[in-house]
Amino acid sequence: MTNAMKIFVVNPNITRSMTEMIGAAARRAASPGTTIVAVNPVMGPASIEGYYDEALSVPGLIQEVIKAEAQGADAHIIACFDDTGLDAARCCAAAPVVGIGEAAFHMASLIAHRFSVITTLSRSIAAIETNLMKYGLERRCAKVRSVEIPVLDLEQAGVDVLRAIGAEIERAKLEEGAEAITLGCAGMADLAADLSRLHDLPVIDGVTAAVKLAESLVSLGLRTSKRGPYAPPAAKTYGDILASFAPGQSRRNPR
Amino acid sequence: MTNAMKIFVVNPNITRSMTEMIGAAARRAASPGTTIVAVNPVMGPASIEGYYDEALSVPGLIQEVIKAEAQGADAHIIACFDDTGLDAARCCAAAPVVGIGEAAFHMASLIAHRFSVITTLSRSIAAIETNLMKYGLERRCAKVRSVEIPVLDLEQAGVDVLRAIGAEIERAKLEEGAEAITLGCAGMADLAADLSRLHDLPVIDGVTAAVKLAESLVSLGLRTSKRGPYAPPAAKTYGDILASFAPGQSRRNPR
Amino acid sequence: MTNAMKIFVVNPNITRSMTEMIGAAARRAASPGTTIVAVNPVMGPASIEGYYDEALSVPGLIQEVIKAEAQGADAHIIACFDDTGLDAARCCAAAPVVGIGEAAFHMASLIAHRFSVITTLSRSIAAIETNLMKYGLERRCAKVRSVEIPVLDLEQAGVDVLRAIGAEIERAKLEEGAEAITLGCAGMADLAADLSRLHDLPVIDGVTAAVKLAESLVSLGLRTSKRGPYAPPAAKTYGDILASFAPGQSRRNPR
Amino acid sequence: MTNAMKIFVVNPNITRSMTEMIGAAARRAASPGTTIVAVNPVMGPASIEGYYDEALSVPGLIQEVIKAEAQGADAHIIACFDDTGLDAARCCAAAPVVGIGEAAFHMASLIAHRFSVITTLSRSIAAIETNLMKYGLERRCAKVRSVEIPVLDLEQAGVDVLRAIGAEIERAKLEEGAEAITLGCAGMADLAADLSRLHDLPVIDGVTAAVKLAESLVSLGLRTSKRGPYAPPAAKTYGDILASFAPGQSRRNPR
Amino acid sequence: MTNAMKIFVVNPNITRSMTEMIGAAARRAASPGTTIVAVNPVMGPASIEGYYDEALSVPGLIQEVIKAEAQGADAHIIACFDDTGLDAARCCAAAPVVGIGEAAFHMASLIAHRFSVITTLSRSIAAIETNLMKYGLERRCAKVRSVEIPVLDLEQAGVDVLRAIGAEIERAKLEEGAEAITLGCAGMADLAADLSRLHDLPVIDGVTAAVKLAESLVSLGLRTSKRGPYAPPAAKTYGDILASFAPGQSRRNPR
Amino acid sequence: MTNAMKIFVVNPNITRSMTEMIGAAARRAASPGTTIVAVNPVMGPASIEGYYDEALSVPGLIQEVIKAEAQGADAHIIACFDDTGLDAARCCAAAPVVGIGEAAFHMASLIAHRFSVITTLSRSIAAIETNLMKYGLERRCAKVRSVEIPVLDLEQAGVDVLRAIGAEIERAKLEEGAEAITLGCAGMADLAADLSRLHDLPVIDGVTAAVKLAESLVSLGLRTSKRGPYAPPAAKTYGDILASFAPGQSRRNPR
């Protein structure tokens, strides 16, 4: 079965260099027939570190998903480990949507009884733990750890980032008996192979995991169920600038 | 202990008449020294029904919370039963923030072993169930039910709304032995007393519950902990129009 | 809305000086229109430390609740962190009943993702953990800790108690990332403000939290649901001295 | 290994005829070397139906347990399906203590994946569900059902009780696929064999289950761990009439 | 990235016609570079219906996995919805192993908040529920249903099977609001597309889902972690006929 | 009530000396009327350490259970702490079946709020944790620990084994406040009494616990429910050597 497909990878922050790195990682993981289009919104935070950044990134992210639908997206990937805006994106897309956080968790569950997560800042731990509980996989995750390196510092830091994450991996092996590691930030996508080799256990990156899961869903003809919480938004007024987000409906006069 | 305080109630949708109804309900519940300021964003959906509307309402909501902070808010209430944007609001406010959903759940837990929720549309059930699990109170809720009446129809519908909700209350009593009911939409705030009398069990409205909990937090001097996920947002670039949301920081040139 | 109300605070142990301290803390937290009546049983243990003391304190506690009902109580507070006798009190009171343990947990849940509890003796930890699970809030509590100071020693110990609790607070911040602290004994009611200031995080005392929640319930007209487990006791024989507890019924000849 | 042992079965209500029926059932289940002593307190409710009755039965129950310890009890059984006072009894007894509720649940777990409970009144369902959660066995129980027959009516009602319970058994088989039934009241101890035969599935009675578990613990030399929540009560003042309960300590002058 | 790979699909029962049907379904789902080898043991049950059949199928299944490893398997799929022998297979394979049950659950979790399972016989429901709990996805599954058609009758039954499963799908939509369906037997692999079209919701078959997940793992270079429960078996004596299973070790004389 | 009964204890590994030790321990715990028959399969692993060994031991184990049924077994005990093959054995036995793991967990739950498990190798921890979750008792277990001594080394090692387990017991007391210990391997059956005395807390061995529970079930006339997952296997073809396992059915010619 040949599957020519177009997958849009949305980096929900506005940092173009990070989008490019994510796109390159996605392309390396993609099957021959898959076209990866990596985009980011024009509005939103430069990086996503905590609930506030998450919330402000969503409208821009949604706008990109709606544009991608119009351009014939077969699937969407949200390239933020918090799976920012995932539920909302599922409502307004006909094509399936995969978050890199859930992708990493599901993949890790297939090769390990218990895995640990290593993310950037401790302020993101609660959001990741809440997602794990929402997905049902909280018992599969032994611990969510952080290296206290801001997202945008991952790009420059080179060897030091590897070393900092590596130190947490060794702690995870020792303290909670972690069998595998999921890297808790899209900005770490390039590091998985090196870390796996250096620390001798599977290291899962969410971007590449999401590419394979998105391809899988498209290949199987599976799309988000529209029965229940992911039904398309009702036709209604959306005030001001956000009105342009309302998918497939005429704009009524707000207020 | 006299507590003169100013509580901002943010209706995260842009329907002014609903904001006014919510404000009136909040004022009836408020203590003598409490000033209630009911506001709504200028941008966002006309009503919040599902994840898509939730996501699009948050930036406007956040903007209102930041404005309220500048105006000396002692506490904030988010008047959407999905507790839309609650986590983000807690990050950018120094004053405590209470969602009407969590307020209703916590209050119901003090007077009943098991309560049921009656909301507007079935598409919102998953979000409410997920919140209950996040708060830890999912076992206290016997069932989340819906009457399939859109939010904005609650205002006009008069007796029929009472009847529709009443029919679900009777089912909840019969089928899951519900001991109390929480009304799952800010637009139902006016109906609690009538429904309680008609159906002879406690009926909890989230708006008034949140007013009392917000007053309680202020009176006790309790504010959101800034250790952990609710720490203030880091100073960073926020692209375009959203830049104005960034609290307490100079704007850098995006991209 | 002015709420003149009378709240009875029952210290379920027989130590009068502790009752007075609790009453004073409650009064400081109460709203202008609220009258606080602090009482304790004449029978029962001098302090409540573990299941045995809990069990033996309940009949005296129930007797006080029934007396308070006859004196027009608008609400009852049970001032033992184990929420001793809470379910039984709810059965025999028409007015709402709030335990200081549950009050602290619910309040902490509004200002922190995860809190820790610091109680007196390790022998009480299991009971507190079981309560958290019963209430549904066990995932919100990172850890229940103890300082190994008996309840009645809290009164004298002065600075040393502050220091011992403070040491546990610092451990809770470091080891489990606690965002807020709830003090796990009514005898610690006076220490919350100092501990919060010294350790720079919210510290919640159950007595004052319960006062605000009880006022809130009364103000909202919410009472314990009588549908289900909190229905009034059936009319039946209660043998011997306990017969006097049977509410609103003639006494039949036991045996 | 011959085990001559003395097991005290405490019916925590004061209805002597019920104590006798329970004692007879226990004797039929006991091994040859086991002496069953069936007792009940002189104070407390005539039957235990809900939290209020539970609470008032505990002091009398504890008094009986302490008396039984003095008479050389090898084990104690608390013959109320709510496992009333079980934790407190464990604190003041050196010998192991088994509740008939937990006994039935553990036994049922050995012969069925999912069982249902059939108790007397619906007001007791919440307490039984809470116990199941406390023990950890809530997922093993498909449903807690009630026949709405008061405890003391079980004795007279003859065939009608069998028929009422039988009807619930058939519903449990049909609606939740129950594989086994546990009878949720000590007053049903005599009915298990008939119901099992009539409805062709295992029916577990807690009294006889507890006798076997108590014998097992004694035979294995296992006693309640005194490390943790079941440590003996601290020496302290117990006011008034309850002072006589304080185990193994001189009485100080209360207040 | 081109991935030429060889995936072994083991049908753990000995019914060759079923193996061929499964192999054909797997081939239709496979990517161009993937070779599917469908095998079954020579010993074991003709179909797997319940724990007894599961247990007896495992040695034959393991033998096939070990043979497949020797033939250069890049991944293994266990084509029984109970994920029979999955843990054991992971111990003795270097290549990743995917069960069709877990594959279906993980895929369903990416396109629906809640799904239902429809399996053959009610006797298999407990095993599937236990697996869901083990994987962590029990809250994502609304209900496990059965059509009471034995596994081997699926092949002949034609339209009637479609109708029987369809009736359960409609009940699942109505009664538990199922958003998607997973088919609970490898023998149903051919029916997913028709059922999805007829009942207008996503229907997931485990065989094809497992093919895509196995390809994904191979493509990402992810293998079962050997740290923890999936470490290779220790060198030891395996008695009699089973000795031939012992991977990579000389046979010692048993007993 | 005199209970003359015959209990078969199946050691699922093929090490005869271990079977004898287990049989002796079982006999010491048995009641006067109980005959203990200790057996082991002729095929299977020399010891059970992990999922692979578990899987390969089950057919031999099942064969022994079927033979024991034919010899009039009143109950079966599976003497491997992983409760290997327990579900399958329940399907093919009319008499009740008790695993030593579940027996230890249920007994420990009657004498302690929280217990710890100490097993042989860390590779077995996941299986034990999964069993605890399946049984519902995972919250009763504070931690599963290992001493890293292979099963067959337990026999020789003498004092060193006591010392290694003792060191873990002390850690369990200190680190997780364990109130009781369950020994996580049949090969530790002889050590319980010494360890309990040396470390001053209850130490539960599964073999002796299972004997008492099996006697209890027999004495109460309780057998595995055949409604649901433990129904007898359907009549079907079992290929090759395993055909001899098929209980009560003629052998058809396997393809």
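Labels A, B, C, D, E and F are assigned to the chains in the order they are written; within every chain, residues are numbered from 1.
By our rule, a contact is a pair of C-beta atoms (placed from the backbone, for glycine too) under 8 Å apart; a residue touches a chain by one contact, two chains touch by 3 or more.
Source: prediction; values computed, not measured.
**Student:** Would you mind naming the chains that touch chain A and likewise touch chain B?
**Tutor:** C, E
**Student:** Of the other chains, whose C-alpha centre is the longest way from the centre of chain B?
**Tutor:** F
**Student:** Copies chain D, chain F: same or different interface, half of numbers shared as the threshold?
**Tutor:** same
**Student:** Centroid from C-alpha atoms only, then distance chain B to chain F, rounded to Å. What do you get?
**Tutor:** So the centroids are 53 Å from each other.
**Student:** CA centre of chain B versus CA centre of chain E: separation in Å?
**Tutor:** Chain centres of chain B and chain E, defined by C-alpha means, are spaced 45 Å apart.
**Student:** Measuring centre to centre with CA averages, how many angstrom lie between chain C and chain D?
**Tutor:** 28
**Student:** Hunt down the residues of chain B that sit against at least two other chains at once, touch-wise.
**Tutor:** Within chain B, the residues that touch at least two other chains are 113-114, 122, 125-126, 133, 139, 177, 228-230.
**Student:** All pairs of touching chains?
**Tutor:** Going through each pair of chains, those in contact are A-B, A-C, A-E, A-F, B-C, B-D, B-E, C-D, C-F, D-E, D-F, E-F.
**Student:** In the complex, go through chain B and note every residue touching chain D.
**Tutor:** So the residues of chain B touching chain D come out as 113-114, 139, 177.
**Student:** What residues on chain C touch chain B, complex-wise?
**Tutor:** Residue positions touching the partner: 1-3, 28-32, 96, 98, 102, 106-107, 109-114, 135-140, 173, 177-180, 193, 196, 201-202, 204, 208-209, 212-213, 215-217, 219-225, 227-230.
**Student:** Show which residues of chain F lie in contact with chain E when the two form their complex.
**Tutor:** Residues of chain F touching chain E: 14, 16, 41-47, 49-56, 58-60, 62, 85, 87-88, 90-92, 122-127, 130, 133-134, 150, 152, 228-231, 233-234, 236-242, 245, 254-255.
**Student:** Spell out the part of chain E that touches chain D in their complex, as residue ranges.
**Tutor:** It comes out as residues 122, 125-126, 133.
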